[in-house]
Every structure is written in structure tokens, then in C-alpha cells.
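One structure is given below, represented as C-alpha cells, and several questions about it will come after.
Labels for the chains are A, B, C and D, by order of writing; each one numbers its residues from 1.
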Amino acid sequence: SKFEYVKKFEHSNPLLPSTYMVVRIDGRGFTNFTNLHNFEKPNDIRGLQLMNKCAKEVMKSFTEIIIAYGDSDEYSFAFKKSANVFNRREDKILSCVLSLFSTSYVFFWSKYFGDTNTGGQKLLKVPSFDARIVLYPSLEDLQNYLSWRQVDCHINNQYNTCFWTIVQKGGLSTEQAQKRLKGTLTKDKNEILFSEFGINYNTIDEIFKRGSIWIRMISKKEMKQQKSRKPQEIKEQIQQRNQSEQINLEEEKKNGDSDVQDLKGDIIDMSLDVMTSALKISKKELLLVHDDLVEKPAFYEKYELIKKLK
Amino acid sequence: SKFEYVKKFEHSNPLLPSTYMVVRIDGRGFTNFTNLHNFEKPNDIRGLQLMNKCAKEVMKSFTEIIIAYGDSDEYSFAFKKSANVFNRREDKILSCVLSLFSTSYVFFWSKYFGDTNTGGQKLLKVPSFDARIVLYPSLEDLQNYLSWRQVDCHINNQYNTCFWTIVQKGGLSTEQAQKRLKGTLTKDKNEILFSEFGINYNTIDEIFKRGSIWIRMISKKEMKQQKSRKPQEIKEQIQQRNQSEQINLEEEKKNGDSDVQDLKGDIIDMSLDVMTSALKISKKELLLVHDDLVEKPAFYEKYELIKKLK
Amino acid sequence: SKFEYVKKFEHSNPLLPSTYMVVRIDGRGFTNFTNLHNFEKPNDIRGLQLMNKCAKEVMKSFTEIIIAYGDSDEYSFAFKKSANVFNRREDKILSCVLSLFSTSYVFFWSKYFGDTNTGGQKLLKVPSFDARIVLYPSLEDLQNYLSWRQVDCHINNQYNTCFWTIVQKGGLSTEQAQKRLKGTLTKDKNEILFSEFGINYNTIDEIFKRGSIWIRMISKKEMKQQKSRKPQEIKEQIQQRNQSEQINLEEEKKNGDSDVQDLKGDIIDMSLDVMTSALKISKKELLLVHDDLVEKPAFYEKYELIKKLK
Amino acid sequence: SKFEYVKKFEHSNPLLPSTYMVVRIDGRGFTNFTNLHNFEKPNDIRGLQLMNKCAKEVMKSFTEIIIAYGDSDEYSFAFKKSANVFNRREDKILSCVLSLFSTSYVFFWSKYFGDTNTGGQKLLKVPSFDARIVLYPSLEDLQNYLSWRQVDCHINNQYNTCFWTIVQKGGLSTEQAQKRLKGTLTKDKNEILFSEFGINYNTIDEIFKRGSIWIRMISKKEMKQQKSRKPQEIKEQIQQRNQSEQINLEEEKKNGDSDVQDLKGDIIDMSLDVMTSALKISKKELLLVHDDLVEKPAFYEKYELIKKLK
């Protein structure tokens, strides 16, 4: 039609090749949203599990994502350098990742928060998320990005844990608590927690202290095929991981996680630090390995979830 | 922390001032999604009403949107030229509009599709949407954009109506139907519908033929305040519209639409053509008026839905 | 070759259609450059004429530029809204306009500054210019852009004229002069000039006070062809302009300007204010007329220079 | 002033940090320009030397450029990854590099082409250049970029040498020559040159076959300061290079190159291949070394030119 010329006003923004594309999603106004929905303070495991579930849906759908990291109301997804999803069109990638995450949040809400019939927490208001894409040219920058988010998680959690403890257990008002914590250092806060409330910060769940991570792993089938070309050491580390995986899968089946049956393979959920120490490889190696391993996305038809290692 | 430098890799993309920013959202793979969920062919009023509901949520949340147009699995939202939402940052606007639309789609699904208890259509799979932003420098271009989408709606609907009629009522296979319609013109298709199936295309619901439109209108209170400065003719046209609004509101209340009580004011839903003929003003005037009227978004605290005029 | 993949890292940035593209060029470090080359203070007519010459070269080469405005060490070029030069690729437009302007500056230097043999000012150091492109969606914004630059010219010239007068004629040091003028208003500065040095600011050359402007005009041939469709009033105004043009052309020939012979037609050089009052049309009309007239660039094979009207 | 709002329409485009920014400049319509100015075919050493001179001016002015490569009517400039020139603003970098190159071309024209008094080639028309910026995230990509341009140089030169030989020495028309060479491979063309005209392609000047390269080198003073921290091997390689440098500098002085006196230090001009073999280090090492060495641009006050090694 004679109106079609308006299509020419569209502009596509192809992102620079050979860079890590990171999509970061963050809940809009989740200070209010978490209050309205009675999230436990400072951390509600249901909320984090729901976020993790959404992240997994995204990783299942976008097979060039190699790693995802989340905490609080945010999640970051890093595509491998060679990713060619939507020809690297910024708006397509941003919108499709974000939209799937968003709809998953509502869709799976009752799986984690229950519903009113069963005494659960009803979803009262439509949540929403913002999103952005950031490019990182080198693996080192990507690692520092992930560390940046993890340090942020740590600092916030340290503060919030202390804050809500002195409010909920110490009986202070929120204003008093704020005043009390003003200017305190990490060790001061740990000291307050320990001496006044008998809480050892180090024993708090890893998922609260360090956030969650999904890493795309090689499937067992693929592993066999790669055997010939991978250095022995790395192979063993991954085999070792696969054993613990087995165990966790068994656990999950017992716990009745309905996802487990049809999931096999290559997403793994644990904190970055835990993982690297468990696997006894450096973060750098870890990512390098995976960037390499996912070169053939054709093999990634199946996915596997394991609980965080403790 | 020493990792904070990674924040510098973020780039903001402020959109050119004084242009109409249009966000277009489109369902990903809705050919499959609508099949899986047994949407009526070629049009399922439930799906369209759900889309309209989502669009309304978006307009309620983003008060600088002046007009929204939707059909099939897509919706377009046009911000007024002077809009300053998120300082016109492209990623923020794109992501927040899209995310709210997406979560609303899942949240309100059962309102329109019912649930399994009541024999409704359960949501079986997370839907998702892509989105883009297009800038239009002039009102004329924006109008042509809307016309482009409406012509597209019309052409698709004409084809689909004819196609599914000869399949469902005429007993042809989809391949046969495709063959039959190859190369036919609009009048040929209308002829087939009429002579073979007794269907007068013109009598088909406006919402299917022309899509849906939301326009931000002036509230009655604002109207009074503007009386002194608006030309008499336009004032009367809008008063006339406000009367039919009243009636529709009554209808809605009877139909038990729970939104109606707390909605007053300034979003109106009708086809662009119908509206302009009803109001006896040109499309150009219509939009001009409204771009002007919404200069003071402070007055737009309340919203009002009326059904499409017939 | 196997290296060709690197071409994919190039990105093209097509500028939004239907907007006025403005290229602004500004001399780099011209504070030093003008000192080194003994420019007269505050204005050196040779420098301005050289800049004007460069601007004309640009307008001759880029026929979709409708207006150019310059003062001090800067020049702005506005392309018409419908311009399609280099498919509106930002880097191509920016670089080609800038490069031609830059090389012209060196090439024509001695035409205006003479050479050492004839006691002129030798070019001692390579000058250079920065450049940027700004988009304006409406004519009104473009006009305000031009006004912004012209007001800037005016303010700077007012200050500089006063400053250098009290230094050169009043014998103050530059520090003393700066101090003296600190906090003074326009009328204070005019008063100083008049009462202390007998200089009436209003009588200073228009080119110093208001800058220079090039406007692409309709050729006489084109004029005839347009007669039928242009409103009578505008036609007369342009005819009237063409008469003064004639006169100026004669003058130029006498002055031996070698360009004149082969120039016929459609670039005109005068201050915007002077022009609009001479033509007795508003700035808005002026630009509208020209944007319209240049719709058929095919007619613009020939160019015509006239001196600034006084 | 009330017009200042138009400044808000400017957008800055900061380029992604930690990537190599490459500015490529290319002569506009140099097919005509070189014909008009009677350039020798296929290569005119005067033109190449002029281009090299312009490139050197650019490198002197922009101290974060680590390498420049040129052939025919084009030149590429690569900034180091950490470059922070103009806060990495795209338009500023593009325009300032391009403008300086462009004005240098005209300014230094007569130095290489002589002037009419001395039987040289007068500059008859203003030349101009286009320019673009391309980002490369890794050193490998940057190297492949340089190789891409060098291979292009090689292929064009091979073809042009053969083409103009059979025209100029073989007496064919340009049409006949084109026909003759259609479909021939590299070795066919070398064979024609050798068997028919006794020309051994390998003996043709390196500058024609491989283009020119400028590399920013460490100064001798800086070298001493770095001695303690650089591995012995690299130090020796660079010392060895510095000896040949010395020789060339002597040669240059004899040849009366007036630049030599005031040049000391850190730009070196040779073909990439020649350099790496001379220095007995890989291209990768070469660039790595230099990216590292130029971390402290404060030391680069002086520059040094040596002729291409043969």
C-alpha cells in the first residue's frame, strides 16, 4: 500500500560482532511489589526460586546464552561471543528475552507462591521488568561484570540481613535501624549479628549471600564425543561434576520436581564461587571451557537442573 | 568496588526529541500459540479483548501515550511528541512498555479465556512478544503509520475470513483453499463469501475488519476548564462523544465489568475510521486535538473504557 | 579472502528520514590558529570570506543543502527534509561535507590571505575542523537552530568588539579589559563603544554582527516553469530578488570574481534578517518556499553568488 | 537564550570501551582525481608519499594511535584499546582525524608534486575523503583487519601492474587489456609480466605491493626506563631495530629530509611483514608490545621517521 514507506523509519541496531552480549533484567518498583506480596525480609526464597525458574526458561529458549546470574529482583544473561541470535539485532534480543522472562514470572508465580485455595500468596498486581543490553569485548570484562553484580548482591544482603534482624528481632523501628547501621563496616555488621543475635553471617544460605548462577554445560553424549579433543584434566573435572549432578537429579525426583523427568544435560545452577571450587578450576577456565563447549549448539536439545551445591 | 568500571560499558540511547515514539509489540510465533490454544479462526474475540486489556494497562501506566492501535497479535503505542518518559531512553521505554504488556497477557488470560474448572481454555505455554521503537517526525507520518497497520489488518482479515470459510464451511483442505484464493482480488473474495456462503463481508464485526484503537481523551473536568479556549465545534463533538460514552459505561456496568467503577475519563476504544466519522472531524484534527489536550498529563488520573461504537 | 569477515564489524547509521540534517563544522583550536596567523581582532574579513568560500564549495557539491549559516570559525549546513544523499548514512555525510570544507580552506587560503610574495599571510600550520550532525524534525526547530547560532554570533561579536576596542584603542591590557566588561549588559557595552570611542555598534558591518548565510534559490529557468503553480505574491518577491541579483552579478564581474561567469542560479548569500526583510516574507515562508522549490534538484545545475545586501 | 533548547537535539555516540577504534579514510572519486593530476599508473610514488606524510601528521596529533596502514587512496588508523581521546566520542574522533588528514593533503601537496614554477603538478581541484570508524574487540580481529587491507592492496596492485603494463608497453587499448585479464589468476598475471615484458613482479617496490605502515615505537629514553621490566628478548629485538633506525636516519639526513632533525623516537614506517621479519617477532607480539609500551603517552613527545626497509 501507499503507506508502506513508513516501514523505512524503522532502524535496526546490529550489535558489534565478537563481543559478549549481556541482557540485564530488573524488577520495576519491586520495593513496593515485594511489600504488597508479603515477601519475607530480607530474602524470600520463593521469589528467588521463581526468578531462577524464569531464567531457566530463558536459557532453554535462547541456546547461545552461556551463563546467567541473578539476585534480588534482577537477572543477567550473557550470550557467547559468537552468538548470532536474531543476527544480533539489539531490539529483537532485548525484547524477546525480556518478554519471555516477564510472562514466565506470572505463569510460574503460583508454582512457588501457591494460590489462595491452598493458603498461598495470590498475585495481586501485574509486575514488570526493565531490561538493557551491555556489550563486553573480553572475557575478563565479562567476569568482572559478573563479579560486580555478585559483590552488589553480597553488600546488599549483608546490610539487609543486619537491618531486618535488628528490626524484627531487636525491636527497633526502621528509622532507628537505619541510624544504627549508618557508617558501619562489614565487620561491624557481622559483629552485631553475632554478638547480639547469635547469627553467624557465614552460615546464611549461599543463595542469599552470593546469588544464583546458571551455566550451560556439556551433555553426557557430547562429552563422549569431545573426549578425544579435550585435555584430560578438564574432562575429569566435568565427569566429577556429572556425578554430583546424578545425585541431585535423584534428590529432585524424590522431591517431586516435575521438570526433572524431561530435563537432561546442560544447565547447571550454583554460585560461581562454589562451582569453581567444586570443579577446582578457575573462573576463567570455567567460562573458557564453556564458551568452547557450546560452539555446537545442535547438541543442546536437553537441559538439566541441579540444586545448588552446599 | 573495583569492578564498577564495567558500568561504563552501558550506553544510553536517548531518542530524538520532538518526534512521535511508537512502540510496536508483536506475538512471537503466534501461529503456533493460537493453534495450541484453540483460537477460533480466523479471529478469536477473546484473544483480541485480552490484547485490548493489556494495551489499556499500558496506557494507564504510561500517561504520555496518546493513541494505541492493535489487531491480530500486535499492538502499537504512540507517545506524544513532547513525551519525556524515562528521558526518552530507548531501552527503558521499550522494555517497560513491553514487559507490562507481556505480564498482563498472562495475568488477564483467564479473565477472557476462562479456566479449566469452568470449561475454559487453560494457558498451556508461556507466550512472548517482540517489540521495537520507531520514530515519526510528523503527525502525517504517524497517521500513515496507523493507516499502514490498519490496511494490513484489513487485507489479512479479508483473506483469512475467506480462507477459513471455504475450509470450514466449504469443506476444502487448507491446501485447496490456498490454491483457490491464489491471485484473487478483494472483490473476488467478497464475491466468493457472498455468492457461495451468503456472507456479506461488510457486516463482519468492525473490530475484526479494522482493529482496535485506544485514544486518550480529555476528562470531563478538564473539558470544562478548556471550554474557553477550544473552538465551539470541537467542544460539541466531544460532548456528543461523551454522551455515547455514558451509555456504554452503563452497559459495561450491567455486563459486570469490574473496571468500570473506578474508571473515569480519558481512554477511548474504537476504530479510527468509526471515530472520526462519529466525531465528524478529520483524523488529522482528531490527533491534533489530542496531542494538544494531553499537554497537561496531571489531569489524567482517571481512565474510562467504552466499547467500540457500532 | 579469509579476512573479509572483518567488514561485518562496520555499522552504518542511517539517519531518521524526513528530518532536517544539519552538519555543523567548527575550527579546532582557532583561538591559537587565528593568533598565529595574525587575524585582525575581533573580526578578520579575510577569514570570514574564506569560510564563506568553503561553504559555497560544499553547497555546490551537495545539492540537497538548502541553507548554510556561518560565523567566527564555524559553519552549519542544513539539508532539506527529503534529502537522500548517501542514503542518509551519517558517517558518509559527515565525512564528505567536512573533508571538502577542510581541503577548501587550505586550497583557497591564498585567494583571501595572499601569499608571501605579495606581502600576504602565509599559511603556517595545517588547520583542522571538527564536525557533527544534528537532526531537527520540524522547520520551526531548524529555524530556532539558526537563530541560536545567530544569537551566539551577535553576543560574541558585541563582547569582542567592545573588548578589543578598549584594548587596542583604550590601551587596557587584556586582563584589565576582561575585568572592565565583567557583568556588563549589551547596552553598557554599546554605551562604552559610543561614549568613549565614538563607535556606533549598529553601523558595524552586518557580516560581523549577524554572520553569513547561503540560501539555495530557484533558477530563472525554473522560475518560469513554476510560475503556474506558485502564488502570485511569492513570485513577485522572488522576481524582485532576482533583479538585485542581476546588479550584484554585474558588480562581481567588474570586481573580477572569476567564479561569476560559470555561476547561474541558486545560491544566495545574505544575512537571514536582511533577506527576509528585503523579500518582505517571514523566515518561515522563506524556508518553506525553498524547501518546496528544491524538490527537483535536477534543475540546480548552475549557481549564482551575490554579495550581501546592505 | 530561548533558542538554546535546540542543543538538546545533539546526540553523542561514545564508542564501546576496550575495543580498537579504527578510522579508515578513502579518497572520494580518486579515479578521476588521479587522472586529472596525471598520476603515474598504476602507482605514483608522489601520491603515496603524500598520503604517508598526512598519516604521520595524524599520528603526531593523535598520540593514542598505535598503528596506521595505507595504500592507494586510503589510510587506516588504529587507536589502542584503552584510548580515551575525546572520551571516545565517535563524531569528534572521526571528524578531527579526517579533517587533519584532509587539510594536510592540500598543505603538503606541493612538497611532493612540486609547483608549476618548477615544472611540478599543480593542484587543480579540491580533493576530499570519506571516513568511517570500525570497532574491533580483539587484537586478532584488528590484525585480520590490517591483513584484509593489505591483501586488497596486493590484489589490486597485481592486477593494475599487469593491466597498465600491457596497455603502456604492450600497446593494447584499455578495453583489450580488460578482456585479456578477465578470469586470469595471480600466476597467470605474473607469467604475462615475466614472459612478455621481462618484469619479475617480486622485484617491484614493497611500498606498491604491500602498502605503508606507521607504528608507534618506544623512544630510546623510554627504552632505558623500561629496561628493568621488559623481558630480555624483546628488549634486544627493539635495540636491533633501533640500530637500523639509526642508519636510516643518517640516510634521511643526507637526502635532506627536513623533518629528520626534529624527529626523535616513536613512529616507524615499514611494511608489516618486513617489520615482523626484521624484528623476528610475530605480528601478534609486535602489536602487543606496542599496545603495552604506549600506556604512558607522556613519554611520546618526539617522533622519528625512517624509510621503509628494503
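Assume a contact is a pair of C-beta atoms (placed from the backbone, for glycine too) under 8 Å apart; a residue touches a chain by one contact, two chains touch by 3 or more.
Quick caveat, the model's predicted, so the values are computed rather than measured.
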Taking each chain's C-alpha mean as its centre, the one farthest from chain A: C
Pair joined by more contacting C-beta pairs (A-D or A-C): A-D
Interface residue identity across copies chain A, chain B - same or different by half: same
Gap in Å, rounded to a whole number, between the CA centres of chain B and chain A: 35
Between chain D and chain A, distance of the C-alpha-averaged centres to the nearest whole Å: 48
Distance between the centres, which are taken as Cα means, of chain C and chain A, whole angstrom: 57
Sites on chain C at which at least two other chains make contact: 9, 11, 16-18, 135, 141
Contact footprint of chain A on chain C as seen in their complex: 8-9, 11, 14, 16-18
Contacting residues of chain C [partner chain D, same complex]: 1, 3-7, 9-11, 28, 57, 91-92, 94-96, 98-100, 102-107, 123, 126-136, 141, 144-145, 147-148, 151
Of all residues in chain C, those that touch chain B in their complex: 16-19, 135, 137-138, 141
